[in-house]
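Listed next: structures, encoded as structure tokens.
Consider the two complexes below, in which subunit A is the common component and subunit B and subunit C are the respective partners.
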Partner chain A sequence: MILKSLRGVALLLVVLFFMFPIFWIVVMSLQTNAEILSLPPKLIFPPTLMNYTALITGHLKTSVGTLNIAFMHNLWNSFLLSALSVIVALVLGVPAAYAFARYKFRLGEDMAFTLLSLKFAPPLLVLLPLSLEFQRVGLDNTYIGLIWIYQLITLPLILWIVRGYFEDASPDIEYAYRVDGHSWLKGFLKIAIPLARPGIAAAVVLSIIPTLAIALYAQRWLVEGLSLGAVKG
Partner chain B sequence: MNDIATHPELITAKPARRRANPLPYLLSLPALIVCIGILIPFFTAVWYSLESYNMAFPTGRHFVGIGNYIDLFSSGTFWHTIVVSMVYMGASVIFELLLGLGIALLLRERSKLNNIISVALLMPLMVAPVIASLIWKLMTNPNFGVYAWIVNGLGFTNFGWASSPDTAMFTVILIDMWVNTPFIMILLLAGLRSLPTQPFEAAKLDGVPARFVFFRITLPMLMPYIITATLFRLLSAIQEFSIVYGMTQGGPGDSLMVFQIRSYIDFYQNTNVGRSSAILMVLWAITFGLSKLFVNQWHAMRERSKAGA
Partner chain C sequence: MSALIVTSLSVRYGTHHVLRDVDLDVRQNERVVLFGPSGVGKTVMLRAIAGLEPGAVGQVVLAGRDVSRDPPEARHLGMAFQNFALYPHMPARENIASPLRARKLDTAPIAAKVKSVAELLRIDHVLDHFPRQLSNGQKQRTALARALVGEPKLILFDDPLRNVDAKLRYEMRIELPRLLAKRETAAIYVTQDFREAMAIGDRVAVLIDGEIAQFALADEVYDRPATIAIARLFGDPPMNLIAAHGQARGSGTLVRAAGLVFGFDAAPPREPVFGIRPEAVMLFSEPETGRVAAQIVAVTPMNERYLVLLRTEDGTELVASHDTPPPHGSHIWIGAEPGLGALFDAATGLCVAAAPSSEEIAA
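Let's turn to the complex of A and B:
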């Protein structure tokens, strides 16, 4: 009995520590500036959607004047950049992941490790020289430059997670399909990719929104993806 | 028969594939080209680190060999950076591991409530680290922050959070824990729930004490997951940038000058490209060693799980 209530208290503290900041941000987002700045903090207040309308319309009216916020533009930029860079990473990464998984070819292991080590290298090591380089060739402040840099994050992720799924799927199904007279490409598109779909989905989501959203409906994929295929369900 | 003899490529058996098949190279080539594009700056950085190169004095740029490295290792500020980074990495990973393991053990039973809590706890992981530091910056603000207000009410009237050199490290580690403990928790929870049940049932039948079960059965069986999670976190903690930069930009003073912050400030504020690159090379050597360990561990685990399947 004591053990059980201790466990309850511990869980409560854990939930409080991890959830309170998020709860508090939601509370503050519904307050006016004056209410946010008041001490002691207010828990009972008339909630206002003013901050949200300001984000959508782009104008925040305060007592000192109107503040312009380019939030919708920023949101669109973020959306466009993540979508494009994930698409590029998929087109580049999935065939490469397949090659690493199916064929033991020379340098394959070295290449795979080089690509993975990019993920683990200090980002600034690449970013600082690249920023000088981009200035020189005029790629700074362009979408192409940014999408290229994002490959540093997305490509290794997709490569390594998807590779694990290709390795887990038996090649025999593909061989059988090919013996039936289908081309290699068809076997790749119709058999290999559908079999690796959970891995691809996990990798895509992990590279766009880290974690939660899918945890709700695909927790298993997420966990498998997170542990780089090490978890056997 | 004749066909196969004259056209060996018709044999699609595996051994024939292994010999000089261009397909795998073709498939991985595009990814490789893009990565070379990213690797070039890496080699440029290696070159920069061997040069005396200050953007403010482009004409004075010249090759100095390992001069930058000698300067670094003979300067107190760089040793300070090493110590600060190590403390940050060590403390945050140890606390996250203990807390994550504790929470995973609490949530081990598959019940509806436990599943809801485990999903809810992933929320901080979804917050970008920069945003996380902004949230905490608001909450620990001495003028209106709710945490500052609570701690003040508890009698710690001089608790400076990130603005005081004494508590700055504590504050950023707390934020790091808030952001990253869920990651360890979810990995270990998945590990715990995938363990075979027989050893635990046998121990229960034999009346083995709980502490013995934990140290002799649970912990050893969970070890591969713990090692993976730890290596992964060590790798990202030694490179921490966003939380520290978002909170204090390395300050107050230089109390939070971790590797990447020091190098960022050397690059943009002091325009000293050479020294900035040398710092990053030292950091890279550390992460390379860690990532080699990580990949070996990962391979070993895959082999083991394949053998077990």
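Let's turn to the complex of A and C:
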């Protein structure tokens, strides 16, 4: 009994310790600049939504003057870019994952591994040559150029996670569907894709997380997908 | 018109020939069992007939229509898979309706047909359940209903009772022939269980190493296996195979095996082997002419039968199988049921003759 309550107290302390930074960030977001910088830090202060207003309107009014911040624009850019690049990666990656899972073809494993190896490469390695090359062909500072580059991250992720799901589904299920009288394409859309849906959802979330934390939206799939994805790698 | 004619069907995986020039025909409403040990190409053969083996070479004619080049969806077959292959994200009703949906039937006839086949298979109360909510038996029946619902002329069964428990297997073994007869459907049934083959098959095709080693009525395969390999595979316990001595007598052969003597209508083979089914080994408590003394080594009850391991005086071991316990005492006399037994040539592996005449033991 005592041991149990001690354990509870210990757990509480651990949680408080690790949650404190987040708590402190929330507290700071409700303070003015002066209050944030004051020493000793204040725990009692008149809360203000000034910081949030500034982020949304794009103008931060301080005692010195007005500062323009492009937060909403950048957020929108991030959202647009990650959404578009994930869509492109899905259109390319899901059929490719199916092909790698179901068919044996020459150099198939090599191709799949090469795509995966792109994830090992340090981004800095390709940064300089790529930006020079992009400037030459006029792709620098364009959405298309960025979406293209994002494929280095998203495509292997989607390919490898979704492939595992296709491999886990028995091909007999698709065969049965075809013997029933459905075309290959219909079987792909109505059987293969729905069966791999948790994998596809996990891959989408994992590729979006680096740029956006809209993950809560897909929480059910996220938890299932992340845990499965972690096992499958 | 035959339900199916397969002519010189071959399938190769790389350099490995899985099937080699296989011929097979299935008559209307006939049940043909494709029997063979595992890994022998039975499933590949079914898949090739269904159009699921892109590399298959040969001709497949279904109900008079050459479908050799047709994709699976154009062949109008039913198929039941070993692992059921139900669609996990659809309720049983939609699983069964799938072949009808493919034909773009209206909602009302689909509902009616699904209901009727579900009632036939006694799963009408679980039609709204998803596959994961079904028991193994119900899954089995759902898969069967899906194969039957489109009223195909031919259904392919890929060892559908392999993964179900003994009770269910026994039930389905009795029920399936009745169902198929009722729906007037021909069937090819893959199994490696000879009991299932005997219970379900009108004819049995024995597939060994990618070739059909024998294709005959089930009883004939049982009584007269075409090769020693089939004799070893078909039957549980398998046929007793005893090295024998053969001696020409007129146009026939006098065969002596384990002290028993038989006459066969064939020239003596090079290396004679006498085969006798365990049920045809008779046990007696008294000696008589034509009987041979033997010792009971072990008695094992199996499926309400008694398997008796015997050793004759010349050291030959053989198994007898009867539904009554063997006579008391370890020393008994054995004889052969008249007319049962087969003569093989170990040099060629082929059956030379069957149905021997009983002979008096020459002194």
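Here are some notes:
Here, the second predicted complex is superposed on the first by the 192 of 233 C-alpha atoms of A that agree within 3 Å, B and C clash if a C-alpha of one lies under 4 Å from a C-alpha of the other, contacts with A are read in each partner's own complex, and residues count from 1 in each chain.
Definition applied: contacts are C-beta pairs under 8 Å (C-beta built on N, C-alpha and C of every residue); 3 or more make two chains touch, one makes a residue touch a chain.
All figures in this text were calculated on a predicted structure; none of them were measured in a lab.
In the superposition on chain A, no contact is made by A:Val137 with either subunit B or subunit C. After overlaying the two complexes on the shared chain, residue contacts for A:Leu125 are found with subunit B alone; subunit C is out of touch.
Once the two complexes are overlaid on the shared chain, A:Leu152 sits against subunit B while remaining clear of subunit C. When the shared chain is aligned, no partner comes close enough to touch A:Ile44: not subunit B, not subunit C. Look at A:Ala34: by the touch rule set out above, it reaches neither subunit B nor subunit C. Look at A:Pro194: by the touch rule set out above, it reaches subunit C but stays clear of subunit B. In the superposition on chain A, A:Ala96 makes contact with subunit B only, while subunit C stays out of contact range. Of the two partner chains placed around the shared chain by superposition, subunit C is the only one that A:Ala176 touches, whereas subunit B remains out of contact. More residues of subunit A are in touch with B than with the other of subunit B and subunit C. In the superposition on chain A, A:Ile22 makes contact with subunit B only, not with subunit C. The intersection of subunit A residues touching subunit B with those touching subunit C, taken from the two complexes, comprises 175, 178-179, 184. Touching subunit A in their complex are the following residues of subunit B: 12, 17-18, 21, 23-25, 27-28, 30-32, 34-35, 37-42, 44-45, 48, 102-103, 106-107, 117, 119-128, 132, 135-136, 138-139, 143-144, 146, 149, 178, 181-183, 186-187, 190-191, 194, 224-225, 228, 235, 239, 241, 259-260, 263-264, 267, 273, 276-277, 280-281, 283-284, 287-288, 290-291, 294-295, 298, 301-302, 305, 308-309. On subunit A, the positions that touch subunit C within their shared complex are 170, 172-173, 175-184, 191, 194-195.
Residues 7, 10-11, 14-15, 17-19, 21-22, 24-25, 28, 36-41, 91-93, 95-96, 98-100, 102-105, 108, 111, 113-118, 120-130, 132-133, 148-149, 151-152, 155, 159, 164, 167, 175, 178-179, 184, 209-213, 215-216, 219, 222-223, 226-233 of subunit A are the ones touching subunit B in the complex.
Residues 47, 50-52, 71-79, 81-83, 85-89, 98-99, 101-103, 146, 150 of subunit C are the ones that touch subunit A when the two sit in their complex.
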